[in-house]
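Order of writing sets the chain letters: A, B, C and D. Residues in each chain are counted from 1.
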Amino acid sequence: MQSLEELKHALRAFAAERDWEQFHSAKNLAMAISIESAELMEHFQWVAEQQDLALDARRREMVSDELADVLLYTVRLADRLGIDLLEAAERKMQKNAERYPAAKVRGQSKKYNEY
Amino acid sequence: MQSLEELKHALRAFAAERDWEQFHSAKNLAMAISIESAELMEHFQWVAEQQDLALDARRREMVSDELADVLLYTVRLADRLGIDLLEAAERKMQKNAERYPAAKVRGQSKKYNEY
Amino acid sequence: MQSLEELKHALRAFAAERDWEQFHSAKNLAMAISIESAELMEHFQWVAEQQDLALDARRREMVSDELADVLLYTVRLADRLGIDLLEAAERKMQKNAERYPAAKVRGQSKKYNEY
Amino acid sequence: MQSLEELKHALRAFAAERDWEQFHSAKNLAMAISIESAELMEHFQWVAEQQDLALDARRREMVSDELADVLLYTVRLADRLGIDLLEAAERKMQKNAERYPAAKVRGQSKKYNEY
């Protein structure tokens, strides 16, 4: 897999071969993203934050699979809605840069609306 | 933004400039993905499935931003864990292809473990 | 189990017997609620809305367990924060009644801020 | 509000007055629980665990409202499915007691399936 574009087409083919487009409403795909993200989060639920970036091989593969699931459904939903994900990401990063100027928020975790 | 790789580096720089690496534990980033995915889902919460792929311009921009947020945090968490997202996606798609053979699941929405 | 109050005390004892208070930060418990609610949602993910209130016995028990898990962690987090859940529910219902006057929203699913 | 039973009836009346039963599919209500739980979690997203049980008055009210929302939709979904929540909670606590014997898991946060 070389790019998000290639992944998008692979997911289209996967759904088409299974006649699954009928289930791929925005509602269902958004639910799927949310469910997969909870499964991802579950791996870090009871872990102390200081230790959670060091995963053993077995855990690492499970986490990789959950990260992949989140990505797959995100790419699929964007495709269904005709949204270019990298373009959306670039625009959102510009908004974030304006919202959280480095000079103002350095080292702070508070949300912008609490300043 | 041309690729996930470029996005990964942009996110690294964004966090570094703000001294935010300290907050980017796997736990916090997984929570962030989950929260953003819920904000995405909220747009489709009370909508009938038959109508949810047609968004007006204002809704479309909001949904684009939420999809972008999910992607940003997913790319960031994968980077923090040293996981290659496209590689993970490819491996997961292979698993899915084995788990859901087209001939067996065509037009069915039931989960594999209910067959 | 006769009341939320009784449930609260049962959960306190359960945690104390296992020395689990140390893991019951607000952050961890809020994550737990979110994860359990995703597991609940998973049962309705690919189901058409028209059919989803009729559950067979096996599915019904699984859904009951997930609903229970959401409730258990919600009661536990409220207890840890010293919040009276029924009081909070009553106050929130009053806010909802003001926000969504019956005469104005009857039969409409749009959110208040879109009126 | 004296009990979950009273709350259940209040929620029934609230929905009936607004003709909102039509939107209260299990799918939509499960989504609602998940969305509210993410809004709850958001309050603890970037907070260190050691500090998160001490809330100032303003934050406390917001958290109370989110806890209430989770409870309201949980009670509502259980009612739509004809499930007795306190009974479900009691049965689930019995399962948990068997799954996590105090003598075996004391002071451990690992999940049962990792033992």
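We adopt the following convention: a contact is a pair of C-beta atoms (placed from the backbone, for glycine too) under 8 Å apart; a residue touches a chain by one contact, two chains touch by 3 or more.
Quantities reported herein were computed from a predicted structural model and do not represent experimental measurements.
When the contact pairs of B-D are set against those of A-C, B-C or A-B, over half line up by residue number only for A-C.
With centres set at the average Cα position, the gap from chain A to chain C is 25 Å. If you average the CA atoms of chain C and of chain D, the two centres end up 2 Å from each other.
Of all residues in chain A, those that touch two or more other chains are 23, 28, 31, 34, 37-38, 41, 45-47, 49, 109. The touch graph of the protein chains shown is complete.
Of all the residues in chain B, the ones that touch chain C in their complex are 31, 34, 46-49, 109-111.
Taken in their complex, chain B has these residues touching chain A: 1-4, 7, 10-11, 14, 17-20, 22-23, 25-28, 30-31, 33-34, 37-38, 40-41, 43-45, 47, 49-50, 52-53, 55, 60, 63-65, 67-72, 74, 77-78, 80-81, 83, 85-93, 95-97, 100, 102, 105-107, 109. Listing the residues of chain B that touch chain D in their complex gives 23, 28, 31-32, 34-35, 37-39, 41-42, 45-46.
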